[in-house]
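Below is a structure I'd like to ask you about.
Labels run A, B, C and D following the written order; every chain starts at residue 1.
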Amino acid sequence: MLTQASKVNANKVFSLARHYRAVRRRTEVLCEPLSAEDYNLQSMPEASPVKWHLAHTTWFFETMILSAMSDYRVFHPQYTYLFNSYYESIGERLNRSDRGLLSHPRIEEIYKYREYVDTYILHFLEAEAHHLSGNILTAMDTGLHHEMQHQELILTDLKHAFAANPLKPAYKSMDYDASDEIPAMRWHEYPEGVYWIGHDEEKEEFAYDNEKPSHRRFSNTFRLASRLVTNREFVAFMEEGAYARPEFWLSDGWKLVQEKKWHAPLYWENLGGKWWTMTLGGLREVEKNEPVCHVSFYEADAFARWWGFRLPTETEWEIAAKTVKPEGNFAESGRFHPAHVKSLAFTNSPSQLYGDVWEWTSSAYSPYPGYKPPQGMLGEYNAKFMSSQMVLRGGSCVTPKEQIRHSYRNFFSPDSRWQFSGIRLAGYL
Amino acid sequence: MLTQASKVNANKVFSLARHYRAVRRRTEVLCEPLSAEDYNLQSMPEASPVKWHLAHTTWFFETMILSAMSDYRVFHPQYTYLFNSYYESIGERLNRSDRGLLSHPRIEEIYKYREYVDTYILHFLEAEAHHLSGNILTAMDTGLHHEMQHQELILTDLKHAFAANPLKPAYKSMDYDASDEIPAMRWHEYPEGVYWIGHDEEKEEFAYDNEKPSHRRFSNTFRLASRLVTNREFVAFMEEGAYARPEFWLSDGWKLVQEKKWHAPLYWENLGGKWWTMTLGGLREVEKNEPVCHVSFYEADAFARWWGFRLPTETEWEIAAKTVKPEGNFAESGRFHPAHVKSLAFTNSPSQLYGDVWEWTSSAYSPYPGYKPPQGMLGEYNAKFMSSQMVLRGGSCVTPKEQIRHSYRNFFSPDSRWQFSGIRLAGYL
Amino acid sequence: MLTQASKVNANKVFSLARHYRAVRRRTEVLCEPLSAEDYNLQSMPEASPVKWHLAHTTWFFETMILSAMSDYRVFHPQYTYLFNSYYESIGERLNRSDRGLLSHPRIEEIYKYREYVDTYILHFLEAEAHHLSGNILTAMDTGLHHEMQHQELILTDLKHAFAANPLKPAYKSMDYDASDEIPAMRWHEYPEGVYWIGHDEEKEEFAYDNEKPSHRRFSNTFRLASRLVTNREFVAFMEEGAYARPEFWLSDGWKLVQEKKWHAPLYWENLGGKWWTMTLGGLREVEKNEPVCHVSFYEADAFARWWGFRLPTETEWEIAAKTVKPEGNFAESGRFHPAHVKSLAFTNSPSQLYGDVWEWTSSAYSPYPGYKPPQGMLGEYNAKFMSSQMVLRGGSCVTPKEQIRHSYRNFFSPDSRWQFSGIRLAGYL
Amino acid sequence: MLTQASKVNANKVFSLARHYRAVRRRTEVLCEPLSAEDYNLQSMPEASPVKWHLAHTTWFFETMILSAMSDYRVFHPQYTYLFNSYYESIGERLNRSDRGLLSHPRIEEIYKYREYVDTYILHFLEAEAHHLSGNILTAMDTGLHHEMQHQELILTDLKHAFAANPLKPAYKSMDYDASDEIPAMRWHEYPEGVYWIGHDEEKEEFAYDNEKPSHRRFSNTFRLASRLVTNREFVAFMEEGAYARPEFWLSDGWKLVQEKKWHAPLYWENLGGKWWTMTLGGLREVEKNEPVCHVSFYEADAFARWWGFRLPTETEWEIAAKTVKPEGNFAESGRFHPAHVKSLAFTNSPSQLYGDVWEWTSSAYSPYPGYKPPQGMLGEYNAKFMSSQMVLRGGSCVTPKEQIRHSYRNFFSPDSRWQFSGIRLAGYL
């Protein structure tokens, strides 16, 4: 006879199975506009081919959930070598820069792999519905959120690869709206005090280990911009010599500007005196009222300095975001491109905090006080990257909405530009 | 009324049209075993994707023959940018290392491009059959020999890409024969004297500019090995410390051995104490009696020194080859892999001079006395590479037979290993 | 008639002149053991030759103080090009890696340069004693503290250069004492709360801009180790596979371990089964009870993880250090090498907080809340390096004592090892 | 009683001892203008410090002659490690790029080393005067010619280091003469035929192994320019777009032009619209009638192509030079800089064949037919560099006269520019 607890558990598990099917399906839907030739594109070591993303997310479930089961037989003995991303505890793996060479296994094979693992996972959930441990639930949740992260990466990596093609092919045809008018930048003020930061562990919601534990930070009074920095504003910076004047830049940033001859955000091209930019809908003229996107931390920081402001710390960003619903221009909109602010009114809280573009903060990515990485393979998920990276917050127009929370911490090295990353200003009073 | 001369010309042109159709068709036949995912593989900057080879050879005809015609309209205005290999006189082009990113234009589009250009070329030949100039005939011939060179490259580049895949996929399944016995290495002697070297311009046969002019060279007496060096012989060298003993190596070669940790020919792997090698039929145990293949000039030179011999000069090789019919294990055999010597008898002349593997010579690639590069784009075909490369002779098991003559000069940098290159020994008396 | 204020000022200025003479003299005393051949050594781009340090510190005073004076004539018109370190606002400069090529200007010339500038500075102080502005006083103080930083760099850079010489020459002969016994590692606890961090601007003491403004931080309870980590403890880590086990390392650190084949702290060599290390007194066997030194942030962090602890944040370090007198094994001891803990007793506060080795913190170097960089050239002194570096605290055995305060923030990239950098552990309760 | 043979030998040995003293002394004389700070300069891995040259040449005698003697004790056990250049058969050695870090051993110590070895060598010659073997005589001769090669390198390497110093210091002050007029370029013709090339072994004169054996080459008729190419002529090339037009360049050369932004010969700077160049006498305006110098093979080849000519093969150069006395502007002149042609008359043979600048040939450096490298360490002297280098002929203004013969083969990689290398044109008839 089942206990009450096991029934509750079973309900959770049924809902988990539904969730699993939905998330896995969404990944495949993202691939529908692609032809076989697009699946293996790898335009730089940091970006992976679509096929690899499809397989790696599957391998993640296989390794974390299924491989511990006595009666499970791996789909293919070499897939761990091929599709392990960076887990040293799991063993040797293919060089990152060689992922684009995997014309074998064929796409069909990878879809079979997905189906094989899906079948086992769903069967497992059903069979174990009444006995599922908390650890397994966490691992399943992590696998799903991991898959959402890769949904975003499929789009960012494809954009990078398509942009490297002189034909500037579109992922799919798009019809972007534009606007003649957006509100002026104004400021929201926040009082000094000790604030709780990080994921509140009493909430049921999923969160990564790096958002924990909840802890206190002292914050001075500060103000946060009412909206994101626009292309118009960034072009003004460029016209005042942004990329030619060292005084705006951190030393490392200035070195990059010179070495890489940066002269505009990534994907921008000047054609006939006008700025154009690559989008997932192909090449398009830069829309002045949209948020600037594909800037590195160094460019964001330089822009803020030029304008007499600064980037927010991640604490400040979270103080502001904690009271705002995580809604905005996420991947679900299908726009896959940042959008201008819709309303001209000045509201209670900053607009565009969620979605559109990841917002660079001035905070280096480091462990929260009392942080403990998980045991096993998941201990490598976030913890080992806690050096030489900056925190970004709020998600972007290619992030699945479900993935984002006020406490969500994304992180990239300060020179990264291929993510949908933009600028929110902050200041002191 | 047609003159006799124009009739002769017309016959030539009809035969040229047949030739054109045949060569172009052979390129496409080579692609039949491939799936769409294989077409864009690029495993290093020096190797190009199959799709690029298909398009580049077409672009070559378009640019050399059709673009001069007033009524010809290029298939696509950006294809010159995409498919120009290295012709500075034609203009800017895609970075070599980015060829693998061209998931667009699609394969179907490239086949349409081939058909489009083929139609124009054949129509042009027909229309102009009676008036075709010698220049055009030369350009057509060059285009066809150029296409044959790329037929070889399609196979060498695919082999390199497949070898980088841990699954070691086969281009097509192969059934290689082997042999328990081959003849001992013996020597053929050649007397000292002044020899004519290079392409005899009185012969009708096609030859590249770098094989001309025919000229005289003094040669000391020398001897040439009766067959190629085998894997068994190369393994003996390895077992005597080949890759660990600097005394066998040129200084540049020794640096490479250390930097790249070379320890066997390219594609060799030691699995369970046995040597295996990648082939176009997949991974296969190294067959001891087959010619060693995929060695650099430095390895060939070191091997020769170890055994107390040397590599032949290209003059010596040509003196020996001039009296031998250019027959052997070429691409037409479909084996795509070097083969052991079939007959145990000692014959009049060295065996395996043609086909099987390109034979490294000790001659740096340089212009023949009196050499004049052609005018225009073809002036860049061979001439500008006449530094820091070594000459190889005789063709390989992936070279179309028709491409090879005793005067044919191939050239690669001395560190190259992805071509089917092997070792023929020479010595003084 | 002089006002009281101007008299006070004059006293300050006389004391400043005395200070100037003393600091400038100390730099030259450091060079006494050197021969002319040692002055131009540059063993890596990050390290500078002694001669360059002598000139650069002089150029700093010339540029900041003298160049604004209408009647001052620069010593040599090209010295700004030669001896500007990184000040973009001052103009173009010699490549960092070319500093070792300056056999001209001769050493004598550089000493003349120092004398020339000293004469002008001292004359200026005397002449302006009653009218000196606060800005000038700050600039003078900065120049002196800058010179002290370069005194330390002279020693770290010489050590690096001498270590690259297989003869392992000594800077001067040393007689190091050792100890058979040191106290066990114990812990000091600090309660949670909001703490004031940074330089208290009401104090007269000199401080750099990056130590300001004083601001509040919330700290959880934490504990700090009673002494530095020793060579004995680090060897234990090595013997448990430190450099062979990825699980201890941040991802960037593990990459470095493999790329650079790190297998011990910098300067360590295993000779006949024993660890030896380079010192400013030449090669010497590693003394087990001395603090481990010349480790990168990655090694410090990995060691802490292995032992189940962590590195302190800079806030935690400062909370502990604020109540301790800045005394210890500084450059003044002439030992130029870290020393074992002298007393076995457990005291009120951690020992070795000051001197011996710079202590890596887990804090990325970033601006304090409300930070404003100074105007002009000094704005480039600290501010532009606030990315991709970690904070170190407490000074080392080659740091002039006067340079150190509880609020002093040193910063180096996490892979740096040529500074005298070591490990202090921290933990939660 | 001494035989006649041993008396002859003794005379040879006495003369050898005189020669030894003279050559060794000349090396030291070259160092007289230097201060201690100049001795350790190393401006690139290919160039060595003066001190290293002084020690290496000494080590060469010690290793080749003295180390075989039972009663000889090496001066310092680590000197083989420090001063072995590239002899793998002798063992491990210091990285080439670290030679500039040897502030120890001190200069005085190196001069003591020279004296120590000189004493032993001279004592040995005296003691063995009647019994000296041919091998020893060859080794002694080689050591002296080796020392002369390093006399040249001391000057080329110092020039490179001084040129890297923005102060452009002079090695010593010079007073260069110039000329308003030089003869027009005319041509000397040579008939086709089979020629003997290489060192005639019946002559007593010293020659390196790479000049042997004497052998026959067939040469077409050719013509050789009556003088070297001048700066005026090279500037004309530059003004016609030399460094901006790919059509003149070999492919590898064009890549270098773009990568390294070459825009003039090495050491040239455009100051106020005029070309200046570094010399061993300091910066000096480019003298239009002097031979162009410090050009790479690629620049020489491109220049020749631009003017409708070509570079000579080494065979052609030697055919012309064989009948000309090896006299010209060598190091003995003390000018250390190429000079304009003195006489306006057209003479029997080309002028400037010897001295002034090394003349790039179109011949890759390779072994002569029948070449056998010497046994032992000397086998590494020349043989192992026979790949990827081009032959230069004739010596330069920093070459000791005694070093040069018509058969002397110098070799450098085609991108080298820091040697005194220039251009002689050749052509067909």
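Everything below uses one rule, namely that contacts are C-beta pairs under 8 Å (C-beta built on N, C-alpha and C of every residue); 3 or more make two chains touch, one makes a residue touch a chain.
This one's a predicted model, so the numbers in the text were calculated from it and none came from an experiment.
Student: Give me the step distance from chain B to chain D, shortest route via touching chains only.
Tutor: Minimum number of steps from chain B to chain D: 1.
Student: From the centre of chain C, which other chain's Cα mean sits the farthest off?
Tutor: The chain lying farthest from chain C is B.
Student: Between chain A and chain B, what distance separates the C-alpha centroids? Give it in angstrom.
Tutor: 47
Student: Indicate the whole-number Å distance between the mean C-alpha point of chain A and the mean C-alpha point of chain C.
Tutor: Spacing between the chain centres: roughly 38 Å.
Student: Taking each chain's centre as the mean of its CA atoms, how far is chain B from chain C in angstrom?
Tutor: 60
Student: Among the residues of chain A, pick out those that touch two or more other chains and give their numbers.
Tutor: none
Student: By the document's touch definition, which label belongs to this structure's chain graph: line, ring, star, complete, or other?
Tutor: Shape = ring; chains linked end to end, path closes on itself.
Student: Name the touching chain pairs, would you?
Tutor: Applying the touch rule to all chain pairs gives A-B, A-C, B-D, C-D.
Student: Which of the residues in chain B end up touching chain A in this complex?
Tutor: Interface residues on chain B, with respect to chain A: 35-41, 43, 78, 81-82, 94, 98, 100-107, 161-162, 164-167, 169.
Student: Which chain B residues qualify as touching chain D in the complex?
Tutor: My answer: residues 86, 88-89, 194, 215-218, 220, 246-247, 249-254, 297-298, 301, 310, 362-364, 366-367, 369-370, 384-388, 414, 428.
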